[in-house]
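The structure that follows is given in the form of structure tokens.
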């Protein structure tokens, strides 16, 4: 049994990881997946303060599968409102189909 | 004349020390475009080992020390940490094109302490055989935390004042943005509120910044908690065998690698400074030396009043001259989110730290030798 | 020449990486891409046994571009059947368009 | 305000990272996100020369959100033309909806 | 009375040793919410170096040893490893709310050996100047592998018995699930079989678990293969120069870092234990000591029978008390996938290991000193 | 007869040295399927420390050396680096099923130098107490860079010749591919040009490869820049304290870990060799020894002409026998993108390096002892 879902993707600075996952939990999403990422954006509101000479990425990419678009937008809105004035970040959504009746 | 030429020769000799020469080497190879990378995990463990070692030294020393000797230097450290922020508030922040919050954050970072700069100073003191109190490293938190706390409090008071009106407006909007968004129609473009609230505005309700969470966050940072762990183990356990067989002998070598990284980092950050006002360059050259001289002066008072050693005076001057590189930036980023990290991290990493290590350390060392010898 | 394709994404525990990539190969997919990931899910059947104090992720995210939906479902089904009773994991699919006549 | 966008994904060898991000910048994209990846492909034109015994990935996955399909194709075309004869790599596109009027 | 107070004073003194105090320090700073992180790559290389060193010591010792002395302790190790699993099977597994497979896996983990706990014991023996056979570390695999193999075999026999019927049913379903799924209509929701088969059921056809793959997997794990590499190099090569200049002098210091990590890890795992039955807490406090006493007893037999040293008896008791932290968990995860790792890893890491290091090591050391001195 | 048996006994003895035995150990445990992993960050820092140490040794030595002694060996190094590429061009490239560019790239890699192989040779020379010029390590870049430059230039001249026509055609297509692609209709499949141009063809306009960027890239690589940094610090700073307390004492131990990694790596790469022509196997067994003998011969000339030490002759022979493992592969990959890295990296890592370390080093050492003693 597959299930239509909405996939929200947030790319932002690593320092925000805990705060954003709290927002995701609080909003009622059933989970999230985080990946280390690097990148360059158009706004570059703030540079990350990460060392340049090392081999690590200073961004994270968070993916949240939500049961409907509304929840995804709610999370994205909250995140943008709290952080995107002062931190680099972008968020976008796309469609997905969750397999195997995963309780998500 | 003779004094000056002696001083200069000493200065060059100190630049040849492993610590400073690796710093310069790092800048040079970064300038030459070297692809050399020191992995981040290595930097982390080096910082851990250096600060644990400094902590252990301090902790074992405190066991046999008269701690009342530490009171005056510790008080001076607190005073210097706070003072540095206000200096930035009333100098750098007044400069054209410099945003006030950015200046306050920069002051906080320059007031806070760099563990690696302190490690470099301790190593050079040992090489020059200048004695210092073994607990001198433990002055670190007494300057670091007050500086960060002051910067965050001052910045938020400033922002609260400035934004009281805007905040009221934004919070109305914020409440509006929480009303459920009409969903269901996937392709329709819903209308999002584009205004956002200042993060600090959450505090604006009670017009007060809470201090304890900032202190706690500082103490929990990787640098300070490694050092405090070392102090505690030095005090309560018997770490002598690992201290003598591991932490102490590896200290200088690990420091040389860290200095290399800091040199490379400094060079690669310089370009970032171009994006911010040029007064940051002036500030980050002058401030470390100015802060160092203030601390040196206060240290001399303690020297005459309570017998604080000349080596200790140098340590006090150097931690004042240093600017935080590990725990300071994230603390400030969270506490003053609207300040631009390119400004304060760039100023500190690209110029402040090389000046503190490459100029302030040999300068205050030479001064102490001249006065003390 | 672009080519419609189906993209299967599996997020699960790192210990399963080899076993799952064998399933993917055996099913006849032409390739896969693996990324280190962290995350939290609803089921949390099993915690991963990874150290909490270190800085590494204990999940992986595997992406498989398949030429049709059927192959993606076959892989997902096999993976779920063998592992998702005892291991954390979620799988979902979305559409993609492969460029440049890549033989995939 | 959401905005329809095109998401281009390029999976290729890590050594190409700088060259590809230069192409992306030159093409006029507003940003990109890079993630470390491992993988296996059908062509395996070239193996990567990365150590086998270590724990690192030798591929990267680059994601570029572009305002229209044309820009994505232009980047993908340039990358394929310059590199995919001699280096492993695949590129594909999918749809996305960028949120919050991010200037991208 | 005098004996007890002596014993307690010794106990406290041993807690002050670098090894144990770093463990406690790790728990304390984790409890204080420290952000300190030791990178995973550092932990890996430390484990490699510790076990290579133990292996080298053993290998070089075996060259000049009478290996017949090793026979009895090795046999006892095998016996203890197997016994510990059956103890869990007939105590922990009988407790209310404890799933049988979880209990068996826990027994396997507690029967297996922790290289770092063993390293801690060897270090403390050296600090206390209690001699032990240099090959004592080589007892590790003789207890580790039998415990893991026994746990996996016992668990799968249990599961096979219990699930014979279900397995037959599931395998019919499994065959059904392989028929091609109707595709083409992207939006239609196809009907997926939701039943899945137990992984172990693949073995259920021949009702036997293959033992060799488990042994092989254990030997190939990072901890055991580093140690066996060390043994082989100690035996067949001439590693003295790197042993004396590198592996040996760094041993204690690296161990102190690893102890810190284990302390932090223990604290952060405690919350996981809340999710499982409270009997796990009881088991993981009592079991290390019980296992240690059994081993101590058997070791004493070897002591009187073949002159096994008192230091060797302590090593035997400590590896019995220890529970595996590196190679055990993944082996059990793969071998008994239906067992809940929160239960066995939580029990071992959060309580079992601190008890083994912080209580069992000083306890058996003190006992040996009392008996032997 | 007596000579041969002596030689063989020496040979076996050298295989027992820590350096070589860890290499063999690595191959053995990889063959046994060990899950042991040395994290990449550890390998990186080890390479950094080894090459910095070699550089420091060289730099400090040059301070008190008569550098004219270095002229002849350095010239020979350059000559050997270039010669090795042409040997591959006129032997390996002529073999059936071997692509010419692949052969040229392989020659470049075998002509370039492996820092770790050189480190192994220096360590064994010290163990055998054979003196060598402290600046011998500084011959590295004199052979490394000419080999890589020659390979890239020769390959591109070859490609330019071969592809002049195709390039003209492809460049016409390339221009066409830049015209805007009709967009808007998402589902229509636009027609992409499937032809692509050879990367090197960008140079084909002026029919010349620029040499300086290749030299620059080599110098900026992590291995060479660490070594040159060491040389510079050894020359201009006073790194003695960290050299004696850190880089030097850790050298052998770190090298043993790196040797283990190289052994594991060699084994795991062998399968890759199956995909390429079998002549690569022949080449990578014979070439290190052949190159070594040529270099040994030239070294002997320098020995008699300018008093180049026998130890120095061994170093020259070993760096000729070695093939680059860190900076060579990416440089060649970028410079000759159409060459197949499976061929050249496989040949070098799986066979060339073990032969260079495990056979060439003891061979040339033994030869030097026989001739010199």
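Residue numbering begins at 1 within each chain, and the chains themselves are lettered A, B, C, D, E and F in the order written.
We adopt the following convention: contacts are C-beta pairs under 8 Å (C-beta built on N, C-alpha and C of every residue); 3 or more make two chains touch, one makes a residue touch a chain.
According to UniProt, the chain labels map to these proteins: A, C, D = Nitrogen regulatory protein P-II; B, E, F = Sodium-dependent bicarbonate transporter.
Bear in mind the structure is a predicted one, so any value in this text is a computation, not a measurement.
Shared contact partners of subunit A and subunit E comprise B, C. The two copies, subunit B and subunit F, are related by a rotation of 120°, based on C-alpha atoms and rounded to the nearest 5.
Counting the residue numbers that touch the partner chain, subunit E and subunit F have less than half of them in common. Between subunit A and subunit B the centroid-to-centroid distance comes to 31 Å (mean Cα coordinates, whole Å). Separation between the centroids of subunit A and subunit D, computed from CA atoms only, is 19 Å. Note on chain placement: the centre of subunit A and the centre of subunit F lie 44 Å apart, centres being C-alpha means.
For subunit F, the set of residues that touch two or more other chains comprises 37-41, 190, 192, 250. The set of subunit A residues touching two or more other chains comprises 2, 35-36, 55, 73, 77, 80, 84, 94-95, 99-100. Those residues of subunit B that touch subunit E in the complex are listed here as 39-41, 44-45, 48, 216, 219-222, 225-226, 228-229, 232-233, 236-239, 241-242, 245-247, 250. Listed in rising order, the residues of subunit C touching subunit A in the complex are 9, 11, 35-43, 57, 59, 61, 73, 76-77, 80, 84, 90-95.
Residues 30, 37-40, 43, 174, 177, 180-181, 183-184, 186, 190, 192-193, 196-199, 261, 264-265, 268-269, 272, 329-330, 333-334, 337-338, 340-342, 345 of subunit F touch subunit D in their complex.
Of all residues in subunit A, only 2, 5, 7, 21, 25, 30-36, 65, 94-100, 102-104 touch subunit C in the complex they form. Contact residues on subunit A toward subunit B in their complex (touch as defined above): 15, 46-49, 51-56, 68-70, 73-74, 77, 80-87.
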